[in-house]
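The following pair of complexes shares a single chain, chain A, combined with chain B in the former and chain C in the latter.
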Partner chain A sequence: MRRKGIGWLLALSLLSGCADQKILEKIGFARTIILEKAEGQDKALKVTISIPKTNQTESIVYTDVARSFKQAKIHFDMQNDRRIVLGQLRQVMFGASLARQGVWLPMESVFRDPAIGIRTHVIVAEGDIGRFVTRKYVQGGTMGEYIDNLLRSDPATRGQFDTNLHTFLRDYYDDGAEPVATIIGETVEGLKVKGIALFVRDRYVAKIQAEDAMFFSLLRSDAKNVSLFMDEVETPRGAGSISLANVIGKRKIKILSPPDPNRKKPARIVVELKLKGSLMEYDDLLEMNNLASQPVLERAMGKYVADRCERLIREMQKPGADGIGIGSHVRDRMRYKDWKALDWNQAFSDAEIEVVADIKIRDYGRLIDASA
Partner chain B sequence: MKEKLNGFHVALLIFMIELDVTVFMLPRMVAVQIGTNGWLGFLGLSLIAAFNIWLYRLVYRAGQGRSVFDISEAVLPKIVLYPLYASLSLLWLGIGAFAGKSFVLVFQTLSFQTSPPMQIFAVYCLLVYALLAKDLYSIVKASTVFFLLSIWMLVLAPYFFKDWSIHRFTAFFFHGTENGHSLSGMLDVYAVFIGYELCVFLFPFSDAKTKLFKGVFAGHAIITATYLLTILVSFGFFSFEEVKILQFPLIHTLEYIEMPFINRVENLVFPFFLFSNLVTTVMFAFAARSALGRMLPGVEAKRFALPLAAAVFALGFLPSVFREAAALIRLTYFTETCVAFILPLLLLILIKIGGKTSKEASSR
Partner chain C sequence: MADGKGNDAGANAAEKTKPTLALVAESVKGCADCLHEKLAGSGAELIYFPTLVDLDCLQRDLIRPLSQASPEQLNSLLSGAPYRTATDLKSCAKSIMDGAAAVFAGQDVYLFDAPKSTGRKIEQSETETIITGPHDGFVEALEENLGVIRKRIRSPKLKSVALEVGEVAKTRAILLYVEGLANEQFVTMLTDRIQDIEIDGVSDANMLVQLIDENPNSLFPQYLTTERPDAVVSKLLGGRIAVILDGSPSVFSAPTAFLEFFSSPDDYYQRWPIGTALRILRLIGFLITICFTAFYVSVTTFHYEMIPHTMLLNLAESRSRVPFPPLIEALLMETTIELLREAGARLPTKIGQTIGIVGGIVIGQAAVQAGFTSNILIIAVAISAIASFVIPSYIMSASLRLIRFGLIVLAGILGNLGLIFGIGFLVVHMAGVTNLGTSYLTPIAPAKFMDILDTLVRGPFWALKKRPSLSRSPNKTRAKIKR
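Up next, the complex of A and B:
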């Protein structure tokens, strides 16, 4: 009797797992969701979803115009022979025009779903998305896989910041920072990181060009393993290009004075960059290739980086998009009431921001030019 | 000689009773109810809980280790006490049931979304029964093992350092709450500590040598440190406004962990919270068992296990969706907080009266 009871209990506890089964072969793991503006319809979204086939090189693509992402998913489920699940979603892509309009509603729907991982990349896509979602890539794998690997290995953002659901929402809710997202576009060979999208709240307002993305990542946080290419470094002995590799960057934000709207005084801020890297190229500046002139070179590079970063910040100030989170440092220096009364986006636009860069050449590769 | 509870085991037991489903929402509660840098206020609440524990220590000293029942029955007639025992038992069973059911409902946001929750809860109650059928020493030994299965999660904390920033704490203190600071808001946060008051049922299992209260204070200190770490990680990892809108910030942080060979780790880590939650349910049911056992002295303690597990299961039917479970958790935990404070005061008064009457009796 007792043994029988135990048997039943065991069966109950073990078999209850079978009520809610998900069989791997009967599930379609969506890799990518693409959300675009539906032409001519205000309240509709154009939703595209990409599900890799089991051979991992082709994918099934569905497109639908619907009121929301979830409605579209129901439509896709009606067509697909496997149940579509979102647990392995790798990226949410917004069409550039939808992003300019604001992404909050679809974004919230994605974020609310506990099935979707918060490391899912948030991407703004440029160009004809309909084409590149179906394209075949020599890089191997499907588009979803390719973009995922691309973003993780992209030199500007590698190891510094993934623009994923977590960072996007964190900065969206932070009143002292604005979100950013990676921009992806098409090239002949495949896809390319075309820059970084700056947001104000949920609207894409400005673009940082791919060439500047490295400098942006130095400004945004401490950085590791960055490669810097400086095209026109002015030295006492002429101008030339310099390339630094394996750069380790430390960023420090100093608030000289917080903004004072009553007296119409803008904030005064200094961003200090301390970089250390290996000198890899200085082809046009061969007269400088001796150890004695390295401090001169370091100062020249410092000036170049500071100027370029300042230009970058001016660009960010135009739309008032504080993508590097200076606001959170300003906030530390203000009283609660004053901070709440402050329109930081405006104050950021008005702020006087200076960049100081201190660059050290850690080593200079395989060649030593001491005698030259 | 009767086996006594070691202070070390008591510490782990208190840790496990306090740690339950409320921890998932703790950072949000702190942000919404206490505001920016709420961790400081949280430490204040922990001190209040420590004060409460100190009151129990007074009871223990004054009552010379007599059990709650002995103290109260020495003064009050059974007809007054029995309804009190019964209603307290119901409250404790309710806490155990709602904590368990909430855990199941939270679990179902991650996996087994469409299984009937009561089916999962039935398995949970099965575990409750298995533990409840044992004596306290066995429960404590099991909870020591469960402690090891839970505490390892602390090593996950350094994972978040890279994306953690002190500036997200802001330099403001206790600003940005939803509706100012209210007593009910503080109680919402205080609910995470509920559980330490069960130390009162450990009196008969300890003596002067076992250092019961050293254990209780140590357990409370460990759990406070653990909670504090949880809050600090969340406050620096999320922005302040974000913590306020995240349903379960703790689960959300776990979601961020990614290993080279596996992602979405939360599905693996989350079930480990089962153990601490289970100990909470079992110990509250044990409290009910102690009270009911006093009313029915003829019944063997083990015989209570099945009806009590069944009662927990039955109470689990009350909340069917998370909103209801959260409301019931609030209700029962608030009541229990009041009980936790009133009980030692009441007992101290009873000891005083009882002391007089026994003296009078001896002088006569």
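Up next, the complex of A and C:
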């Protein structure tokens, strides 16, 4: 018995001579992969990778035009003094025009690499990406580090929904949801989150503006510490802007009736939002020192949030990109055969979706008496 | 004390030779330190070892009365206590070796017990120091050790069995247990095992336990040895059996489980949440000791993706100056640390400090600057070394340090797979180890929830109502406290 165990141990140690060693100082860790359409060439990709140097302020950048990422990587390996590995990848960045064509084929090998963890963000970049990697940033560090920190501190994406490789692929494979990615663009000072890219399968089809990203996050999952800014809340005393902070709440998707393509009846769906937050800023809309006026304000805010969310959903319905995952709820209410036969993207476009928002003010601190 | 007499009875059953002056003198012939003298007044002759007897006592209670007596008075004087009659040559010779003087009055032989107490006084144990709690530790003298235990358990239920170890050395050993609490089967089992040892001599309890354990080839110690009387007392009250060996400051108890090596008497003197935290800290120390350097090796060799990005760049920079692969680097550093430790342990304290300074400078600074090793490895090796000293039992900590080398090699060859493989192999091995037939992994396998309260954690006293199931005690209730 013991001899057998030792035998196994020996066998395992001896047979592992062909182990895939990746000794730390002999490898270069790519932090960013950028894929763009090559200008004027059909089926060709412009691949750029950035490998941070150990001094943490510079990075090595390689660019190549190739048929696929793997081919480009072979070219990079020919130049780099260390073997290039992807286990510390932090961003996969697609040029907007490539993203509109579809991102799956060029990146399949990266998507399937088991070494890549969930900290990799999927990004759609607007503008001249070539400049992004070479530019110096006042925020310090290299582009890769900057974007990584930026996306993790961005209030819309922070904690609400992560546009990382894991969620991207999960939604890609889920037939009841469509993937989303963060859009990044350039400003004078640096880079900026410009919105959220909606995908259908692997194609980038529509953009949600950065201002709407918060409301999108409310629709996509339960709210955890969101800040909401409402610019035009209609109240009996007039319109004004309100800012709610530390909003927590639940999102509930109610399927009133699933779609029935045979009878040409669209799905009827209600998205219920129950939110609670601290009132941080408000125009003097109502006399808040009056207890009775608080429910009025809450109702007004509820209507505003519901309207804005409905408008967002209409935008998503146009290309049929179900970025908030309503499909998975509809799927639960249908028979498998019917769901299989259904074209959910089309059904989503046709669906009647209503948003109901119930907002409560948790606290509002000291308020200045308007009439005083 | 029941020692000595029990064995006399056993010897009586065998052949009996009446001791005579000639025979006894013959048996101690060649021992230059043996004294043979004839008393002037009574004409009695004495044979004794001045090195073994208390000379003051001998002078006062034997030599002076006998010198003043006439030969006729001699037999009546010697017939009562504290003198006893020797009837058997073997036991007579043995008594002399135990520190008795043999008195030859005509045909009769009497013995006078005046053993000298030698050795150091009771003082704090050097290997198991604690902050709060009793500070006395066992010494080499068996009587002293038995005395401090008897003082703590003042009950005639504390039974002792006198045993003898070593065919030549005939070292005395005493097996202790509390009647009604200890499992009688274990008592017989342990007694038989100790009696069955056939070896020239045993010089320490830690050596004795290796002669009676069930897995002589295992890396793990299977009996808990301690130098602390309070620890032994709590084991005895928990229904365990303890054995004291003369000449050894370590006392061992049985049956023992793996996790007992991680508890210290301190745990019970602290408030229970602190005791629990300390226990958990030691278990973390255990994991760090065996795994941390191995994990460094596996991560730097195979799993670069597991390292946080910021640290990775530093690590890669530091590693890039090192000419060896991580496995060789780690083995070199671990060997250096072990060399330092061993050198420090052998040297006198005053020179030992020099070793500390030399080691600190060589390992801490120069090795990194010379590009001999990476600075993160220094941290890993140092933390593993510190963690190994958190474990209260020195014997266990030495075992774990050796296991660490095996895991480092496995991690260097197979990465995390090898590390997990090695740990799995350890667990399988430990699950097979037994002590007096009980499982070494109790209370994890077999799972005993009530025992976990007193092993992995140190539960509050109101929760510790049962004796540990390991001791298979006939009396299971330890406390009747209500919350």
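As a convention for this text, the second predicted complex is superposed on the first by the 329 of 372 C-alpha atoms of A that agree within 3 Å, B and C clash if a C-alpha of one lies under 4 Å from a C-alpha of the other, contacts with A are read in each partner's own complex, and residues count from 1 in each chain.
In this text, a contact is a pair of C-beta atoms (placed from the backbone, for glycine too) under 8 Å apart; a residue touches a chain by one contact, two chains touch by 3 or more.
Just so we're clear, the structure is a prediction, and the values are computed from it rather than from any experiment.
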{"item": "Touching partner for A:20 - first (chain B), second (chain C), both, neither", "value": "both"}
{"item": "First, second, both or neither for A:5, with chain B first and chain C second", "value": "second"}
{"item": "Touched partner set for A:117, first chain B, second chain C, both or neither", "value": "both"}
{"item": "First (chain B), second (chain C), both or neither touched by A:169", "value": "first"}
{"item": "Which superposed partner A:177 touches (first chain B, second chain C, both, neither)", "value": "first"}
{"item": "Which superposed partner A:331 touches (first chain B, second chain C, both, neither)", "value": "first"}
{"item": "Doubly contacted residues of chain A, that is, touched by chain B and again by chain C", "value": "9, 12-13, 16, 19-20, 87, 117"}
{"item": "Chain B-facing residues of chain A, complex", "value": "9, 12-13, 16-17, 19-20, 87, 114, 117-119, 166-167, 169-177, 325, 328-329, 331-334, 336, 339"}
{"item": "Chain C to chain A touching residues, read off their complex", "value": "300-305, 307, 309-310, 312-317, 319-320, 322, 325-326, 410, 413-415, 418, 421, 425, 428"}
{"item": "Chain A-touching residues of chain B, taken from the complex the two chains share", "value": "109-116, 119-120, 122-123, 126, 163, 165, 167-168, 170-172, 175-176, 237-242, 245, 252, 255-256, 258, 263-264"}
{"item": "Residues of chain A defined as touching chain C within the complex", "value": "5, 9, 12-13, 16, 19-25, 27, 29, 31, 52-56, 85, 87-88, 90, 115-117, 148"}
